[in-house]
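Here it is, the structure, as structure tokens.
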Amino acid sequence: MPSKAKSQSGSKKQWMNNFLTDGKSMLLAYDQGLEHGPSVDFNDKNVDPSYIMEIALKGRFNGIVFQKGLAEKYYTGKVPLILKVNGKAALAKGEPVSRQNCSVEYAVSLGAKAIGYTIYLGSAYEADMFQEFGRIQEEAHDAGLPAIAWVYPRGAVIQNDTSREIVSYAARTGLELGADAVKIKYTGDTDSFSWAVKSAGKALVFMSGGPKAPTDDAFLKQVKGAIDAGATGLAVGRNVWQHPDPVKMADYLRQIIFERKAVEVMQK
Amino acid sequence: MPSKAKSQSGSKKQWMNNFLTDGKSMLLAYDQGLEHGPSVDFNDKNVDPSYIMEIALKGRFNGIVFQKGLAEKYYTGKVPLILKVNGKAALAKGEPVSRQNCSVEYAVSLGAKAIGYTIYLGSAYEADMFQEFGRIQEEAHDAGLPAIAWVYPRGAVIQNDTSREIVSYAARTGLELGADAVKIKYTGDTDSFSWAVKSAGKALVFMSGGPKAPTDDAFLKQVKGAIDAGATGLAVGRNVWQHPDPVKMADYLRQIIFERKAVEVMQK
Amino acid sequence: MPSKAKSQSGSKKQWMNNFLTDGKSMLLAYDQGLEHGPSVDFNDKNVDPSYIMEIALKGRFNGIVFQKGLAEKYYTGKVPLILKVNGKAALAKGEPVSRQNCSVEYAVSLGAKAIGYTIYLGSAYEADMFQEFGRIQEEAHDAGLPAIAWVYPRGAVIQNDTSREIVSYAARTGLELGADAVKIKYTGDTDSFSWAVKSAGKALVFMSGGPKAPTDDAFLKQVKGAIDAGATGLAVGRNVWQHPDPVKMADYLRQIIFERKAVEVMQK
Amino acid sequence: MPSKAKSQSGSKKQWMNNFLTDGKSMLLAYDQGLEHGPSVDFNDKNVDPSYIMEIALKGRFNGIVFQKGLAEKYYTGKVPLILKVNGKAALAKGEPVSRQNCSVEYAVSLGAKAIGYTIYLGSAYEADMFQEFGRIQEEAHDAGLPAIAWVYPRGAVIQNDTSREIVSYAARTGLELGADAVKIKYTGDTDSFSWAVKSAGKALVFMSGGPKAPTDDAFLKQVKGAIDAGATGLAVGRNVWQHPDPVKMADYLRQIIFERKAVEVMQK
Amino acid sequence: MPSKAKSQSGSKKQWMNNFLTDGKSMLLAYDQGLEHGPSVDFNDKNVDPSYIMEIALKGRFNGIVFQKGLAEKYYTGKVPLILKVNGKAALAKGEPVSRQNCSVEYAVSLGAKAIGYTIYLGSAYEADMFQEFGRIQEEAHDAGLPAIAWVYPRGAVIQNDTSREIVSYAARTGLELGADAVKIKYTGDTDSFSWAVKSAGKALVFMSGGPKAPTDDAFLKQVKGAIDAGATGLAVGRNVWQHPDPVKMADYLRQIIFERKAVEVMQK
């Protein structure tokens, strides 16, 4: 099984250090209110950002992902903040585009320790997002913050956004454009995902959690596969905060990510 | 009946305080001259912004909404001003877009205590408005003013702009993008509207008054439903200044909003 | 007959004072070289901007309207200058759009005492012009100059640009966006035009002269109708400088505008 | 025969003086490498900008027209430089647009004594070029340089770009937008071209040389016709540097332009 | 056989000196990860930018071409850096456009000694890239760096991007827009390529290496043909780092470029 002990040794600055524990990381994502709408993903509990903030703390996450509005009104400062500076809603059709709605300066004032930005690779508006991310990456670095790229292949030309070729292209795009870490979808197996990790080079790879998996084990095995492939960690939302016991799920994830345990032998 | 005692406790700043009385609010909206045209909504009396200014004062409104031109030529300073910094006319077809026509700095020079901005959620130009609102929100906060988002789902993809899903999405979008308050349409019942209020989180919710209701009671019951759902208040225009006795109507509304009276038992 | 003694009393600054005589005004427009082309409107005499400058002076006009190029090369300083800062030619088809070609700062350096800008209400590019006018209006006011909006309903959605509804919408749009004066087309009768004047509120209304009328009296009666409706005055071009005796025509117009004479009793 | 002794007397500044000899001028144009491509217009000799620079000097031209790249690498300073700050290649189809590729500041640093800019009148992108030229014209004047507009009617709506109406519209557009000189196509006869010259007012008119004429005399008669119509001079490229003896051709042109000789009596 | 000893003598500054050895040059290109995707061009070895950095050093290249992300994380400073400041991925269809994703200032901070930029000549977005390159070229020169243009004819209108006419147009476009060097495709023979070199004037010409040739000799003969035509050198990627022995291939190339050896007689 291909595997890679990924590190940033050799890079000039360990940009992502604030989000790493022994080189690994587990991030809590919560931008679904904007990206999907509250009625698709939320219930009476997890619609409340305070509840998510609490999970991030109790679940000992390495970081939490918020849009500016949530950061401004709910962020408590106890878990490192990744401010997502662009976002789109799910209603509009046509080629996807997501534009900056929060300045890096403002993100810093809200306590951000990293900047997040989504790039829709393959979209007819791809060039606009490459350019915008390029500028934001520089502003982030100038402010001492890493830039994390959500690279999602999407648009009319994209047939299969989890193929080895497409996911590795997403990973590489992040590296080439200066991302310190990329959030990409899982390809489905360790072998192909390890090519995506290699393509990302010194940009750290975070597997995107995706929609709630049918069983805990199904999800945990995906995470294990990504970690085995050399991923630095996971950016997870729904599989944690839609879980009946988010803190327990976080505990399972930590065993996989930080202790490299197999799903079959982990402590439940 | 679901209900929520909504407050901003826990947020870092009570941005909307200038517009609240015991946590509730009643705003007078008057941007219809631009949005609909004078011949649709106005008569010889209410075509005159001075008349509206007078109603705002006599009706003891918590704020008045003007475009820059009206603020510059008619605002008397006696009621807190919300300056609407974008707007569109009703003639052009195609996907809706409304762009900034007043700088935050200029709004402040006109006496504004809050900035208003319309976002057409679901429009093909949604990304432009997200971005523009994002910048304006920061400029407003830098100037010490709250940012209020009129979030109106509109465009070819929107089938029903008062459904529970769509209205709650509008509310949530405002919260995520940093609005301190959102103005949204009423869903028709307290139950569904309370989901929208929950989705808005710490962003205060103002029910949009909409066109003149057939009877006073019909309108008042809508307002009561929204308040019961946890809304902070109402931004009303036509149902007040098209009313034969706007001050009396304002009195009815105050009983519902501030005294939580039922329509059936209010003092008429 | 509806009529309105229009004044700016109550507004904070009498922005248009430089262009008023006892609250009334007569402006000489000369942007047709760009808007229509020289071969459509000009002959060997009136193709020369010096000739127009001379008419403005001898005809005792309250202001003259030039594009930057004419102001720079022909303006003598003897009649207050309104600098038209956008303009388009007549050749291109498609939805109309006119963009700024002269900065406010440059206009001031050329001696401008007011800024003029055309908005094509109803055009697919309406939002761009609303935004641009909004910025220019602020720059003008910051420089101490009034902003005058030429509001012309135009584009595929506009069926009849002189109807009561459309003309009053144009007038109101100017007011809402911060224009100190609007130049709009005549509706054809005093009654309907007085609604447009009311809709414009404290923004002064200038009737647009339009193409050369078949007879002097036909044109003068239109002007009289607009003045009776409460218009501040007239911005006239072709009906003066295409006239065999422009100074005489100016004299007729002054009798109507400033002395409120009826066409039937004026001194010829 | 209509004729006009054109001068800038009365204008506030003789912007074009650096390019005039007794009020007349002969400019050498060399932007064809970009506009048409080297294989269309050039041979082994005239592909070399040094050769053109030499012709400009030996042919005693009043100015030479270069894009920034040529100015930077070939300009010797011995002939006044007009820097063409926009340009397009001939390959792309669709409505023509040419955007600024050289800042005025950079042009000045390269030794420019005038700024050149092409406007495609009638193009769907006309508004963009009007706006860009407007800004450039101001920057040029602020730097003490004249702005010369190449006004070329082009695009799907243009049927005949040498008609009296279209050429005079081009000339007038330059004047209205603040050009100190316009480069326009010849209409074919003195009478119609004199209307274009009149339409240009105090903006000096340069006839555009166009493609290599079949005979020297054919070309020289066109130039004579333009000069008789009141043109200030000629901006010529191919008819000089594609000529077997460019310096001799320049000598013929000088006789027509500066000595007003007829083609039939000039010294050959 | 046409040949040209190309030099920059006569130009004001030897912009490209950092990349020349006796007036000739060999550059290592590595932007394929973004332009083509990792799965198309890379294997387990050359997917790693460190491996490429090592080849650049051992192969004694005159420069290495990186996107910002690679430069930031892998550049060692031992070979002069050309920072490619725009780039696009291969997935999106439609007219090609590549926008700036790295500022010149940031490129300098990463150690760049030259700025690279791709222009898609003939694309519907050509005007945007001309304009962007124009600005970047000035910023590069202001910072003391040369600007290198990758000029690639591409888009629906381009039938054959290696014809004499098209390649020479690409070369000339670079010169006209101020490029100090152009990277263009080989036309297939020395005769036609020498016309491209002539068209480029004082802008140095780099042949684009293109995809891996079937045999070493096939590729080396192309390079020899370009050098004989007057090219300054080669910007090569895949033919070196996809080669089983990249350093040996680099040695062959040096013999052709710097020693002008024929393929038949070179030392293998």
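Order of writing sets the chain letters: A, B, C, D and E. Residues in each chain are counted from 1.
The working rule: contacts are C-beta pairs under 8 Å (C-beta built on N, C-alpha and C of every residue); 3 or more make two chains touch, one makes a residue touch a chain.
Keep in mind the model is a prediction, meaning the values are calculated, not measured.
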Which chains lie in contact with each of chain A and chain D?
E
One copy, chain C, sits on the other, chain E, after a C-alpha rotation whose size in degrees, in steps of 5, is 145
Rounded to the nearest Å, the gap separating the Cα centres of chain A and chain B is 35
Please work out the Cα centroid separation of chain B and chain E, and write it as a whole number of Å.
57
So chain D residues touching two or more other chains come to none
Among line, ring, star, complete and other, which one matches the pattern of chain touches?
ring
Considering only the defined contacts, which chain E positions touch chain D in the complex?
10-12, 121-124, 126-128, 130-131, 133-135, 137-138, 153, 155, 157-158, 164-166, 168-169, 171-179, 195, 198-199, 201-203
Where on chain A does chain B make contact in their complex?
31, 33-34, 37-39, 42, 44, 47-50, 67-70, 72-74, 87-89, 91-94, 97-103, 106
